[in-house]
Each structure stands twice: as structure tokens, then as C-alpha cells.
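First the structure, in the form of C-alpha cells, and then the observations on it.
Labels run A, B, C and D following the written order; every chain starts at residue 1.
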Amino acid sequence: MKKSYAIKRVLYSVFVFVIVMALNFFIPRIGVADPAERYYPPQGNMTDAQYEIIKQLTREQYGFDVSTPQQFLNYVGGLFQGDLGTSFRSGSPGVMELIVDRLPWTLVLSVSTMLLGLIFGIMIGVIAAMKRGRWQDTTLLNASTIMIALPGFFIALLLSFFLGFELEIFPAYTDPNMVSDFGWNMTAILRVIENAALPVLSMMVGSIVGYAQGTRNAVIAVTNEDFILTAKAKGLRNTTIRYKHTLRNAMLPIVTSIGMSISGLIGGQVVIEQIFNWNGMGTLFLEANNMNDYPLMMGIMLLLSGFTILAILITDLIYVLLDPRVTVGDRR
Amino acid sequence: MAEQTLTLRNLKVVFPSGMGLIRAVEGVDIDIGKGESIALVGESGCGKSVTSMSIMKLIESPPAITKMDQLTFAGDDIKDYTPSQMQSVRGKMMAMIFQDAMTSLNPVMTCGKQIDEMFMRHMQLNKKAAREETVKALELVGVPEPRKRAKNFPHELSGGMRQRVLLAMAFACMPKLIIADEPTTALDVTIQAQVLSVLRDMQKKHDVSLLVVTHDLSVVANIADTVYVMYSGKIVEKASVKQLFKQPFHPYSAGLLASVPSLSDTAGHFVQIPGSVPHPMKKPTGCYFHPRCHYAKDKCKASMPPLSAHDDGRQVRCFYPLKTNGGTSNV
Amino acid sequence: MSETKVNPIVDMRHVSVDFPVKGALPFIRKGCIQAVSDVSLTIHRGETFGIVGESGCGKSTLANAMIGMVKPTAGEVVFDGKNLYELSRDDFKATRRDMQMIFQDPFSSLNPRFNVYQIISEPMFIRGQDSEATMKARVIELLELVGLSKDDLYRYPSDFSGGQRQRLGIARAIILNPTFLVCDEPVSALDVSVHAQILNLLTDIQKKLKLTYVFISHNLAVVKSICDRMIVMYLGKIMEAGNVKTIFDNPLHPYTHALLSAVLDTDQTKQREQVILKGDIPSPIDPPKGCRFYQRCPKAMEGCKTIPAPEITVEEDHVVACHYVNGFPESVEKGEGYDTPLKQQADE
Amino acid sequence: MKAVLKSIGRFFLKRFKGIRRFIKRVWAHRQGKIGLTMVTFLVIVAVFAPWIAPFDPYDVAERTTKGLPPSTTHLLGTTINTGQDIFSMLVYGTRVSLIVGVSSGVLIAIVGSVLGVMAGYIGGAVDSFIMRLVDVLLVIPTLPLVIVLTNVLGRDFWIIILIFVAIGWTGLSRTIRSLVLVLKNSNYVKAAELSGASRFHIMIRHILPGTSHLLIMSTALSSAGIMVAEAGLSFLGLGDPTAISWGKMLADAQSGGALLFGAWWWIIAPGIGIFMAVFAFMRIGIVVEEILNPRMKQSSGVYKIFKNLNSSYVEDVFNSMDEHAQIGEASSAKGGAHG
């Protein structure tokens, strides 16, 4: 049963990815007859004849000179070979190369935010649930009501202002040489940590509070379940009940929420990277947007969506491992 | 009286709520002798489950406020036991069987593991030895292929099997007292008969005291020696099953018995108790049952009758008990 | 003979209801639940017809098929001379106004946002032929009939106890003067002390309004007291059927015996011997080929495994489907040692 | 036909009554009171912005007032590069935030409920199509998608709102769908079907009203979410370029060197604006959620009651339970005094 469920989930994820891929292909083609117009909008001082020539060149360069279905096939075929198309930048670098350069730096931020957020979030949530109604709990409640209304980029600005400019504890802007000077030595790694501190901190605050609140609610919900009463009636020790019975069950909704939160985390990171001048995919994406570099934008979008799909798939599969009840029924 | 398993005196439980105190249990006394089987009968909201949970000290405070004069279990005064002292009493000395086995078993743990825990906690066995005991325990309650079943998760078993797993768990350490809270309510009639017969056999064979909490008189008839009838937080009648079924003294017990359709009934009309159970926040003055009682007089409206003793250890909380003469149970 | 004389209100002929079960992977069907298989019955006008069985025996599905809520996969349902599933949309709706249902759970069967007036008048409101005043008058009349007062008109379901809610459900069911009422375990969700109230109310209303009842229950004692004819179902099949008196005087099917023994008799002197069935109710996804009850039957024989038990009339208005009672049919291939009793499984 | 019109009329009449009753319930909540008050305040500010703002927020001509810290004339100081009055900008910014937030919230409620009810009630292919769409939209990171769409479709105010709606309906429709599935199978719907109710009747009388509280909650919560998203978009300089919005103010602050020159007021002011608006709508949403799903809250409420219990009162109640006590009188008198 479980195996077939896993197969079903994998197949479904592939299906979703295919749809996302199609969307990625068609979104830049919305509202224009010729994709070349989108890629190279008419400039003011250009005659029609000149523009026509430029369009023709664009078509040839980006493969728009064939029919749309054929373009789609070429696009899909390229994807299979790891080719996300050609960037509109000067020098026509491949989208893939551009992304691969930035990807690790983005992952540094998102993975550390995620891990720290999860660890602290779950810890705080469990404590709050255990001390329900006492100050630990009310503090979390109040913190979450406030934090939930503070956008990450505002926190980032505040941190950059106070910790960066005023107190000068952490660099307010990312060191531009961080990437180029990077090597696997202590100083370089420390420098990355130092520079990543503020961006990670500003994204982490929100995710800690979010996970903590979720954990608290999940733990309390499980505490009210009948089987916890059974465990108590069995005379089990509090620690056994807490870790073997309560937490294990409370993990289930938490795992699901992790998958769901990833899309938001990735989106929010675009702004944070911009504030701290962090050389990740977010800034790359904004650069692409400013230059109307559609192949690059759509490439990044596809990659980010792919990551999200993968993350949701993984959390789903972990869920299946944790919860023996999951069978074939549609859980979502 | 020499071998008393449990003595409970004057248990009172209230729950605070936004509108005042909910008076769940109002001074309940219960005595259970060794090997005796007691039933606590009442309808939903009468406080029977709260009473049973209070005996195991499983009522959480906050929010509940519990007070009792005496709680003696197997010769020990456990009234003031600390939570950690209670932990070594629960499961080992007294165990509980819950109503809905589906929700009462941890869904992400195999049934076997959940029983293993009992042996590991109370008998200090290692995992392997505990599993051997678990298999034996499952076998005792009539689970076929116990070794295989132990590896199943609760949702993979049928309702009857799950209930047996709960039975095995309760009997695991051969406690002195087992409290069964509506042990068969969620089951089908034929499965109910199976589970009850297992429970009864186990109880008799191992000389365990049993407190069955139920609303179902057929369960009572099947399993209990002595019955406490509860109504709205108070015991209204205590009698042996035979006595009660032959001649109930309290009008409520009489109504309850009469409203259970029986195969020997020939009339197409059922004897009914008018009205419904009072809300725990809006209990009537005087005897709680008087608004629904055919025999209520002014005295019943004014004050609560005491629980008075009658012959053969019977107790009734009624000013005008239905004595044998009239046979007035037929209202 | 009697069937031609009495004009039956419901006539079900070889009705089967299957529910498909989704398989693991898309497009692969795993099988289907045979909730009801090949059930035929007639319900006479004005009688109370009992359907008895445990959970999963298909009694609710059968009732739903009767009132047009579930379309049978095979067979036909004739209500009042009309084949229910061949009627036009409008005729179907009109016919169905003659049928109503009383639900098991009085808490989920009333819309919590509606007040009493809105709940009870809804069927009239849907029909849309009456003025507000007529509807109100009718609702008040019904409230008094079911033992509530007109002061309750604007209260909400949450203000009522379980028994009172069930009364509201009854009032709603009879507002359009139906002829046929399905009561799906109407008391099993209620407190014991109000069971009798509701059962009495139902019988009173039946007498007053000359209704035909289908009464679903798992309690044989209730069925005995209020029903005229009954069927006992197990895993989607009829085990025993006929006149209530006849069946209770002379219960034949081993399953009926088991159900009977589960009924409490407060008169302790009459307590019968307990029949305790072994094993569990099997899943209806893959029911046994032969008699559906053979795995749990104390009288089962080798042949019961493979040969389906036909429904055979043993006396007037008494049908039993059991090889032990009827003997194996002559016409079928029975195989070796078909009449040796099955060994009891070692689980008891 | 007449019956249909009548039922529509009744539906709306009842909705209005329902909404009034509902607001009363929210108001009864302390948090709800805070939320409602703040929202009312923000609406007043947005409507009367020209009268409240002391200066013209667009006025960049007055170059003498550059970079002033908060004072009595410039309540929240001025910008460093252009000398605009920050308080006035803040007041005007309310308009953009509220209009974008609330109109997207309302539109999301409409689109989400229509699609959710369709998916749940019609089922079959419609259901699978809508739910597959939800799954796809859920995996595409929202902000990048919004940026791409604004790039392709333009940055007009209304286009931005429509983009938010096109992306934001997914969560709501999924919740509505599962609620509709529950309602659809409820016994009271079955009873109505038995009485010959049409699908339309069931939808209008039973299913839609059942989702109404959820819609109010979603409108409040998604309004709040979209205000944040809009601020983020403007912060990136990708919002409507002609409008003054809080996000854009923050972007100007960053690019204008507020961080560098220590002009903290320039950062704090729009931040507080965003915080207030989001907080207010969140409050309402959360209060509605609590009204809908009281189980979580109840437990802490009971703890509070437990803490504040008068022990002598409890003692009295316990004593009144004793045998021979005049229980009736005692309980009624004390119960009244406490309640």
C-alpha cells in the first residue's frame, strides 16, 4: 500500500512539474503575437524596418523562427539536457550557468534559515505547549501576534539599520568580494557566516515564530487525544508520554507545514537578498526582471518551483513513513 | 469487608467554566471488594466517567477541582499520592479500558509496542522479554495469531480486535482493579458479546476487581454483581444486580429498566421517563430527579433525599422508594 | 397469494448496490463493496417493517435505495406502483415527497443555523406552494404533535437536548404528510431514558397518520415490539425474513439466534443461553462465495463455504437462507463431504 | 421563478443580519475589539487623507526641509533627498494599502468560494481540474510569479490586484471545498434533498451560509497577507510607480540613504503603517478563526477561569453537595452570584 502511495505521489509531482513547465513556457508569450517583441521591445528611435531586422535576429538567436508547438518541444528537449535557454544578457551566457553560479549562495541562506527556524521553532513550541497558560505560552502568543504582522523585509531593514549601521555588529551589506574570494578555509567560511548573519536572522524570526505556533497547536491537539489518556492510565512516565507518544504524533502536521512553508520562504528571500545585496538567485531574478531577461526569469522560476515540488514530495514521503495510516486515499 | 480493593468516600468534582462551576460529581461513595464486579450505570453527563477517572486520578487539575474524604486502594491510602507515586500504581495495580479503542490506541505505534510498554515500565523487562509477555497477553484475550497481530497498527485491526488489545493491555500486569469505561459501546452486538465474555472470564479467572462504567443495562446484566445507579452527579441507588432487576427502589432505576425494551414485552408501548437529563449547570432544587418523577411530592421539590440504607446492603436516595408491595415500577 | 391481494407500497426486486473502491494507482479499479446484493422484499401499506443487522450489513444502503438516495446497480425499486429509477425528474421529486427519513444522529441532521421554524417548515418551503401563515400554523400544529411547544418556534437546535432534537426531526419528516417513513436507528444516539419517549412518539404518529414505517435497528427487542414484518441482514444479504411473530416464535437462522441472545432480558429467570459468535464481520469488499455467514456460523458445514444459501420459504411469511435449516439444494454440485461440520477455529 | 427570487432576497437579507450579528460577536472579543477599532481608524484615515495630512505628500519643491527629524511641524520628519513630509506620505499610503488589500481580499473570497463550492459540490472532473490548478499554483513561489506577471501584464494598480487574486484564491478554495464536502453529506442536506430541494436551493440555503464565517476570516487574513505582499512589491520598486505606498516609502528610504544617515524615522514610519494595517486585519481574522474553532482557545480560557476562582466559593459549592445540605437553595444562590 505504502509503495503504491509513494509511486502515486512521485507521478503526481512529475505531473505538476510538467504543468509548471508549460506555464513557464507560455507566460512570457501572453499578450504578444511574436515572442520576439517581448524579448526585444521596440525602442523609441528605431524605424519599423530596423525593428523588423532586430526582431528577425532575435527570432533566430532564441529559436522563435519555428512554430509555437515546435518551440515548446525544443524547450522541453532542452530541459532534459539541462539547458534552460540562453540569457538575454550581453555575451549570451546560458541560463543554467548563471543560475549554477548563484545557487549555492541562495541555498546557504535558505537552508540555514530553514534549519535554524525549525530547530528553535519546534523547541519553543514544545515548551509553550507544556507550559500552557503560563508566561512561556503567553509570550509566544504575543510574539507571534506581533511578528506575524511584521513583514520580513521590514525586520531586515531594522536589523540592517541598528545592527549593521548603528552598532556595526554585522555587515549591513554583503561584502562584494565574499563570493570571488571564497575558498574552503576558515577565514572565508567565517566571512560567509558573518555576512549571512543578518539576512538569515531577518528571515528566521518569522519562521521561528511560525513553526513555534504550529508546533504548540499540534502538541496541544495531541495532548487532548484519547490515546494520551491511555498512556497515562498505563502509568507511563511523563517523559515517555511526551516523547514517544505526544511528539511523534505532533510531528505529523508539522512535517506537512514544512512542505507548505517552503514556497513562501523562497519568495520572501528575493526581497531579503535585495536588501543585503546578497548574490543569490533572488538578486539574479530581479536583475533579470529589470533587463526583461525572460529566459533567465523563467529559468529561475522553474528551478524554484521544482525545488518546492521536490520539498513537498519529500515531506509527503516522510509523512508516509511517520504515519502508518496513510494509504491510497487522497490526503490533500 | 476484610479484603476491600477500593474504598472511595465523598468524591466531589467540579469544572470551572465561563458561566460558573459545573457540578460533575457530588459526593460519591464506592466500595469494591476483592474479585468483585461493580457496575456504575447512568446516562451521559451523570458523572460516571468522571468518577472512574478520579479513582485513577486521571482528572487533570487544572481545570478540574477534585475533593474526596478517602481513597483507599489495596490497603494503601492513595488519596494524597503524588503524580509520580500514582504513575507506579496506574497500569500495575489498577488499569483502565476505554470506550473507543480506535482513538484510545496510539495510531502511529504498533499494538504490540503499546503493550510492551506496560511490561517494560512496570516489570522492568527488556524489549524482547516484554514482547514475549505481550504475545502471551494477547493470546489470553483470544487474539488469533498474536505474534503477527502485535506487529499491526491499530487501524489495521477490526474493532473487536482493537478492544481485545485494550483488554490485553489492562490485564498485562494483572492489576488488582480494572476500570472499564463503556468497554463495548462502540461495538456491534455480536462483537460486544465476544468482548464481554472475554472480559468476564478474565476477571473471574484472575480474581481481579472490576468497575464497569456503562449506560447499557445489558452489559450490567452480563458482567456485574453490584450496581450503582448514578443520576446527575449523585448515586441514587446501590443494589445487587439481581435485586435491582427484580425490584428497583428508585423511580429512576425503575424507569431506566422499564424503558429498555425486552423480548418478553408484548405491548407495543414502551414505558417512558418524561423529560430529559438536567443540564449540569441548571440542576433542579431538591431531588434532582423530581421533575421527571411520577411520584414526586412537595418534599422532593424542597430537599435532596439522603442515600439511606435498606435490607441486604441496598441503598436508595429517595423519600418514597418503590417497595416490593405495590410493584409500581410499571408507571 | 397475499401479494396480489395487498397493494404493496414498496417492492424491491433483486436489488444490488455496489460501491466502487478506488485502487492504488490511477485507472486501476481495485474492486467494489457489495453493500447490498440481490435483495428482494415487499413492504405492505400501513405496516412497520424492521431491518435488523450489524454495522456494514447494508441496512442503511438498502433504505437509501428505497427512498431514491442511492441508485441500485441492479434490480428495481417500485414505490407505490412506480418504478422509482425510471421516473422523470419531476415525477421522481413528487414521488419522493411521499417518503421521508428520520436520522440516527439528531445532532447532525438539523442545520445549526436554522431556527425551529425554518427547520420544520423547510420541506414546505421547498415545495413553495404555501404562504408564510399556513406554514407557521402547520409548524405549530406539528410542534404540539411531537410534544414541543410553540414557544420553541424561534429557538435554535443547540438549545435542545438530544431527544427534543429527534422530535424536531420527526416533525420535519411528517410535515408534507408522507406515506412512507424510514427511521434509521432513531434512538441509538440518544440517552437510554428517552428511548421510550421517541419510540412511543413514533408509534403514536404512525397510528394517527397511518404511515408505513421502515425501522432500522440492531436491537431485536425494539423490532419485536414495534414491527410487523422484518428482515435480518448480514453482509448485504437477507438471512431471515418474514412476520415478526413467526420469526420470534420460531427463529431458525443461527445468526438470528446470536442476535437474540445479545438482547438483555430484565426478567432474569428467562435469560436464554448465550450464543457467542467467533471472529469478526468480514469486509464486504470480498464477501464469501457461499453463505456469507459461514465463517462465523456455529452450524457451518463444508458446503456452506461454496454454495450460496437460497432464500426458502419455510412457513407462511417466513423465509430463511440457511443450509443448516433448509438442507442443501438438490440441483447443485455439492462436492465431497459437503455436510461435515466445519471445525471451530481455535480463537475462542 | 418567483420562489427563486424570493429565496435570493431572503438569502441577502439574512446575510446582512448575519453579518451584523457576526460583527457583534467579534466585538465581544477583546482582540476583535482592537482589530475592528484599528480597521475603522485606518479606513477613516484613508478616506479623509487630504484633510488629515498637513502637507502635500507629493510636494518635492520645498528643498529647505530636507532630512528633518520629527518635530511639531513635521510629525514624523521629512525625507533626506526630497524633503517630503513623511507623516503626510504615511497618511496617503493608507489608501493604497487598504484598497489593494481589501479589494483583493474580497475578490479572493468571491473567487475562492465560487471555485471551492464548485469543486466540492459538483465534484468529478470539475473538482479534479480545480484542485490540480490549486496544486500547481501552490508550488510556484508567489512573489517571483507576481513579479513575472507584472512584468508581462503591466504595473497598473488594478492589474496588480487582479494578479494577487489570481494567485491568492488557492488556499481558500481548498478549505471551502473540504467544508462543502462535509456539509454536502450532512443529514440535513439529505433531508432537504428528500423533500425535493434543487441543487440551487441546497447551495443557497445550506452550503453557502455554512461557509460564510470562513469567508469573513479569509477576507481578513488574505487582506493582511496581500498588504504585506504589496508592500514587498513596492519595496522592490515594482508596484504602481505613480502611487505613494508604504512599501515604496521604505524603498526610497533605503535607496535615499536613510540607513546611512541615521534617519530612523524614515524607516520606522512606513513600517508602523504596514504593521498596523496587517495587525488589525490579522486580529479580526484570528478572532473569527477562534469563534469558528473554539477548541484551541477554550483550554487557555478555562485556565484563566481556574486561576481566578475564589476558593471559598468552591468550598461553598463543595459543602452544598454534602448529604442533608440545603443543596437546592445554596446552589442557585451561589451560581447566580458567580455568573
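In this section, a contact is a pair of C-beta atoms (placed from the backbone, for glycine too) under 8 Å apart; a residue touches a chain by one contact, two chains touch by 3 or more.
None of the values given here were measured: they were computed from a predicted structure.
Asks: What's the overlap between the neighbours of subunit A and those of subunit C?
Replies: Chains in contact with subunit A as well as subunit C: B, D.
Asks: Along touching chains only, what is the step distance from subunit A to subunit B?
Replies: Minimum step count, subunit A to subunit B: 1.
Asks: Would you say C-D or A-D is joined by more C-beta pairs in contact?
Replies: Most contacts of the two pairs: A-D.
Asks: Which chain lies at the heart of the structure, taking centres as C-alpha averages?
Replies: Taking the mean of all protein C-alpha atoms as reference, the closest chain is D.
Asks: Please compute the C-alpha centroid of subunit A, do the same for subunit D, then give the distance between them in whole Å.
Replies: Centres of subunit A and subunit D (C-alpha means) sit 25 Å apart.
Asks: Between subunit B and subunit D, what is the gap in Å from one C-alpha centre to the other?
Replies: The mean C-alpha positions of subunit B and subunit D differ by 48 Å.
Asks: With centres defined as the mean C-alpha position, give me the subunit B-subunit C separation in Å.
Replies: Centre separation, subunit B to subunit C: 32 Å.
Asks: Two-or-more-chain contact residues of subunit B, please, as numbers and ranges.
Replies: Correct list: 62.
Asks: Hunt down the residues of subunit D that sit against at least two other chains at once, touch-wise.
Replies: 303, 307
Asks: If a residue has to touch 2 or more other chains to count, which residues of subunit C qualify?
Replies: Not one residue of subunit C touches more than one other chain, so the list is empty.
Asks: With touch defined as at the start, can you tell me which subunit A residues reach subunit B in the complex?
Replies: Going through subunit A, the ones touching subunit B are 133, 225-227, 229-238, 240, 244-245, 248-249, 252, 322-325.
Asks: In the complex of these two chains, what residues of subunit B are touching subunit D?
Replies: Within the complex, subunit B touches subunit D at residues 10, 12, 14-21, 23, 26-27, 62-63, 65, 67, 233, 281, 283-286, 302-304, 306-307.
Asks: What part of subunit C is in contact with subunit D in the complex they form?
Replies: 67, 69, 93-94, 96-97, 99-101, 103, 105, 108-111, 113, 119, 122-123, 126-128, 169, 172-173, 176
Asks: So in the complex, which bits of subunit C are touching subunit B?
Replies: 54-55, 161-164, 191-197, 199-200, 203, 218-222, 224-226, 248, 258-268, 270-271, 274-278, 280-281, 296, 345-348
Asks: Okay, in this complex, where on subunit A does subunit D touch?
Replies: 12, 15-16, 19-20, 23, 27-28, 30-31, 38, 132-133, 137, 145-146, 148-151, 153-154, 157-158, 160-161, 164-166, 172, 217, 220-221, 224, 260, 263-264, 266-268, 270-271, 274-275, 285-286, 289, 292, 297-298, 300-301, 304-305, 308-309, 312, 332
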